[in-house]
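The letters A, B and C name the chains in turn, as written, and every chain counts its residues from 1.
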C-alpha cells in the first residue's frame, strides 16, 4: 500500500503537468498564437480559454506534491499501511472481472451489443458465479430479449449490432 | 381567490379520464426509465415526444400531450432515487447526492427505509413547489429574469461551498478530486473563445466533453462494484432486506425523523430550480450540503442518514417543478429535459413566454393541476413498487454484479449513442477503483463535472461584461451577498480543518 | 431485475402500441427503402432551433406514416458541430445516416481545418427552410429605429453589449458586420443558446441581440423586446413594420445586405443515389405537410424547398461567402 501511494501520487503529478501543458495549447489554425498565451487574464476580457484548466491543474500538481510529503512523513493511512495494495485475490479479481469488461467492450465492437451481452453473462454467471447452466441461460437470454425490446423497439435507441446486424433485419420487419 | 378557482378548474380538467390515464401511464414509464442507470427523464421525454402528436391528434389541444410528458418527468424524478439506492449508481446527475446516504443504508440492509424516505421526501418536495408555483409563478419569473451571469456564477460558488465538506479526511486528496473534476469539465468546446480545447490525442470523442454520466456510471457502476467485489471476497456484502408490507409501513412511520432534510430540500430546491441555467442538480447538492451543515450530528451524514436521503430527494423534485417555470414563462430551459418539453410546446403550437399565463390559461392551469395529480400518483405507485426493487437486492451477488455491469455499459451507450463514451466509462471506472483503494474521495470529482460547465462560462461572460473587473461579483445587489456568503462558507471549514490537523499532528 | 425490465417493456409497449400501427406502410415508387432504423443526427444540442425542427420533422414522419422505418434522432453538438460532421462522414452505413444542419455545416470545416471535412462531399437531400435574423433591443431602451440604435451604440462605444450564440457564429458574423460597416465598437458576449441570449436581453443584462424570431417571440409578444431591423431580403410577414437592413438609410449610408441560417437535411458522404432519391422524396413530403407549413409561417421562417444539384450549388455559394466573411473578421487565415 505504501509503495502504491507514492507511485499513484507521482502518476497524478505527471498527469497534472500534462494537463497544464495541454491547457496552454493554441488553436491549430492560428500559428501566430504562442503556447500559454491563453492562460492569463487578458486585458479587458478576463480569463483566457486556458486560464481555468491551467491553474486548476497547477493546484492538482501542488496537491500531488503535498500527498508525496504526507507519504514521506507517513501522515496518511495508506502511507502507514504495510498491507499489500492488491493481494492475490484482488489481482485475480481485477484480471478476471476487469479483463472480462474489456473483452465485453471488444466483443461489442465486433459482434454488437446483444451477442456480447449474451457472452458476458454466460462468462460471469456460469464461470465466475458457478450457477447452473439452466439459471445461466435463462437469465442471459432473458436479459438479451428484454433489452432488445426495451431499447431497440420501445425506446427506439438502436444499439450497435456489428457483424450480427443481418440477424436483426427480419426482427425490424416484424416489430417496427 | 382567482388563482384558487383557476387551479380548481385545472385540477378538474387534469382528472378527466383521458388525462388521468395519460398521467398514470406517464408516471409508470418515467419511474422505470428513471430507475435505469444512464436513462433519465430526458430520454423518456425525448423518445415519447413524437407519440404526443398522436395524442394531440386524438384530443386536440396541447394540454393532454403536455400532461403526459410532465408525468414522465415526474415519474423519472422519483425513479432516479431507486438506482441510486439499490444499485449505488445515480441514474441521473440529479440523484448523485442521494447515493451518499442511500447506498450506505442499502448496504446496511435498510434499503426499504431509504426508498420510502426518498419517495415521501420527493412527494413533499413536489407538493411544496407546486404550491409555490401556483401562488407566485408570475412574480418568480421576474426574479429569474434578474439573474444575470454574475449572479449565476455566485450561486455556483455557493454550491461549491456546500460540498467542500463532502470530501474525506485527507485534504490534498479532496482538493485534488475537486480540481480534476473541474478541469475535466472544460474538455471539449469552449463557448467563449469558439475553439476546441483539451482534445486529448486529437480523439474526436473528447470534442463533446467528458459527460457527467460517463464519470458517474464509471465511478459508481464499475469502480464501486469492483471495490465491493474486492472487499467482499465473493460473499454477498448486502445484508438481507426485509420486504414485508409491515417493514414498509414502519418505514413510513419512521419518515417523521427526516422532516428537517425534507423542509430544507423542498424550499432550497425550488428556489435554485427556478433560476435558469441552474436546474435540479445544484439544488439537490446544496440541499444535502445545507442539511449537513445545519445538522446536530453531521457525522452521521455519508454513513446512512435518513435526512441525507430526504434532503436531496425533496430538493430534486422541488427543483424539477421549479425548472418548469423559466421554461414556460421565459422560454429558457434549465435542463435538457425542459429543453425537450420546450421543443414540444413549440411544436404543438404554443409560444412560451411571459404572456403564456395570460394567453393560454386553458393550457397552463390544467397542466399545473396535473402536477398535483401526477405527484400523488407517483408517490403511490412508487411505494407500491418498493418491494419489487427490494427483491432485486436479494439476488445472489454473482448475478447482480454482471447485471450491473451490463446495465452500466448499455446505459452509457443509450444516454448518448456513442461507443467512445462506453470505453471511457470503463477506463474511468477502473481508475476510480485504484483511487478508491488509496482513500481518494471520488464524489467531489463527480459533482465538479456537473457544476464546472455552468460555472466557468459564467465567470468568463461576467468578466467580459465588466472588462475583466472581478468586482462585478461583489458590487451587484444580488451577486454581492451570495458571493460573500459563498466565500465565507468555502474558507471556514478549510481553515477549521487545517487547524484541527495541525493540532492533531502537534 | 428481469421482471422489472419486463414491466418497463410492458408499460412502454402499451404506450407505443398505438404509435406502431404504421406497420409496413410504404413510401412506394422507389426501388430503395430503408431496412433498419435511420440514424438522424442533429448538429446541435437539445432545445435549440435545429433540434426543435428536427424533432418536428421526426414527428411528422411518424404521424403521417411517411417512412417504413423510424428516424432515430441523436444530438451531436460537440465542437460546434464537428462531432456531428465526423460521425456522419464516418458512418458505417451511409444509406441509413442523415443529418440536420445549420450554418456550422460550412463554418466549422472552415474554422477547424484539422477535421478534414469537405462540406460538399455530403449528399444534398433537402433545404427545409432558412431561418431569419432580426436586431432586438429591450423596450425600456426607448429605441424605435435602426438609426436611433446606431447613434446610441456609437455613443456607448464598447459599453454597448451584444449577446449571441457562440463565438464566430452566425450572431457574431452579423455583429462584426454592423461594427465594421457602421463604425461601431459593440462588445460581443457569446452564450450557449439563443433562448439564453433572448432572456438576457429581456432581463436587461444585455443591450441587444440578433435572435431568430422563434427565440425571441415570447418576449416580443409580451412587449419586452422590440425588433428594429430585419437582416432579410424582404420584410417578414410577421413583422410588417420592421424594415429590412437594405431599405433603411442610417448612419449616413444604405447597405444592401442579408444573412440567413440554412436548415437543411443532408445525407452521409457516400450515400447511394437510390437512397438519396428516397430521402429527397421523404422530406419533400414533410415539407409539403400542413404541420411543417404552419410551423414555418408561425416562426417566421423563409426559404423554399431546395434539393439535388440546386442545393449543392447553393452550398458552394454559401461556402465562398462564409470564407470571405470569416477571413475578413480574422477568424480564419
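Just so it is clear, a residue touches a chain if its C-beta (ideal position, glycine included) is under 8 Å from a C-beta of that chain, and two chains touch if they have at least 3 such contacts.
Computed from a predicted model, the values in this text were never measured in an experiment.
Peer 1: Please classify the inter-chain touch graph. Allowed labels: line, ring, star, complete, other.
Peer 2: Per interface graph, the chains form a complete graph.
Peer 1: For which chain is the distance between its Cα centroid and the global protein Cα centroid smallest?
Peer 2: B
Peer 1: Would you kindly tell me how far, in whole Å, the mean C-alpha position of subunit B lies from that of subunit A?
Peer 2: Subunit A and subunit B have C-alpha centres separated by 22 Å.
Peer 1: Using Cα averages as centroids, what's the distance between subunit B and subunit C in whole Å?
Peer 2: One centre to the other, that is 30 Å.
Peer 1: Can you work out the whole-Å distance between the CA centroids of subunit A and subunit C?
Peer 2: 35
Peer 1: Multi-chain contacts only, two chains or more: what residues does subunit C have there?
Peer 2: Residues 1, 8, 12, 16, 111-112, 114 of subunit C touch two or more partner chains.
Peer 1: Listing for subunit A: what residues touch at least two other chains?
Peer 2: 139, 143, 147, 155-158
Peer 1: Give the residues of subunit B that touch two or more other chains, as numbers and ranges in rising order.
Peer 2: Those would be 33, 192-193, 195-196, 403, 417, 464, 467.
Peer 1: In their shared complex, at which residues does subunit C touch subunit B?
Peer 2: Against subunit B, the touching part of subunit C is residues 1, 3-4, 7-8, 11-12, 14-16, 18-19, 45-47, 51-52, 55-56, 58-59, 62-63, 73-74, 76-80, 82-83, 86, 111-112, 114, 158, 161, 166-169, 172, 187, 189-192, 195-196, 198-200, 202-203, 205, 214-215, 217-219, 221-222, 224, 294-295, 298-299, 331.
Peer 1: Touching residues of subunit B toward subunit C in the complex: what are they?
Peer 2: Residues in contact with subunit C: 25, 28-29, 32-33, 35-36, 42, 46, 48-54, 57, 145-149, 188-189, 191-196, 202, 204, 207-209, 276-277, 326, 330-333, 336, 338-340, 342-344, 346-347, 349, 351-356, 359, 388-389, 392, 395, 400, 403, 416-417, 457, 461, 464-465, 467.
Peer 1: Touching subunit B in the complex: which residues of subunit A?
Peer 2: Residues in contact with subunit B: 1, 4-5, 8, 12, 19, 22-23, 25, 27, 38, 41-50, 52-53, 56-57, 59-60, 63-64, 66-67, 70, 75-78, 85-86, 89-90, 93-94, 97-98, 101-102, 104-105, 108-109, 113, 117, 120-121, 124-125, 128-131, 135, 139, 143, 147, 151, 155-160.
Peer 1: What residues on subunit B touch subunit A, complex-wise?
Peer 2: 33, 39, 43, 47, 170-173, 175-176, 179-180, 182-183, 186, 190, 192-193, 195-198, 200, 222, 226, 229-230, 233, 396, 398-399, 401-403, 405-406, 409-410, 413-414, 417, 419, 422-423, 426, 430, 433-435, 437-439, 456, 459-460, 462-464, 466-468, 505
Peer 1: Contact residues on subunit A for subunit C in the complex?
Peer 2: Within the complex, subunit A contacts subunit C at residues 28-30, 139, 142-143, 146-147, 149-150, 152-158, 165, 168-169, 172-173, 175-176.
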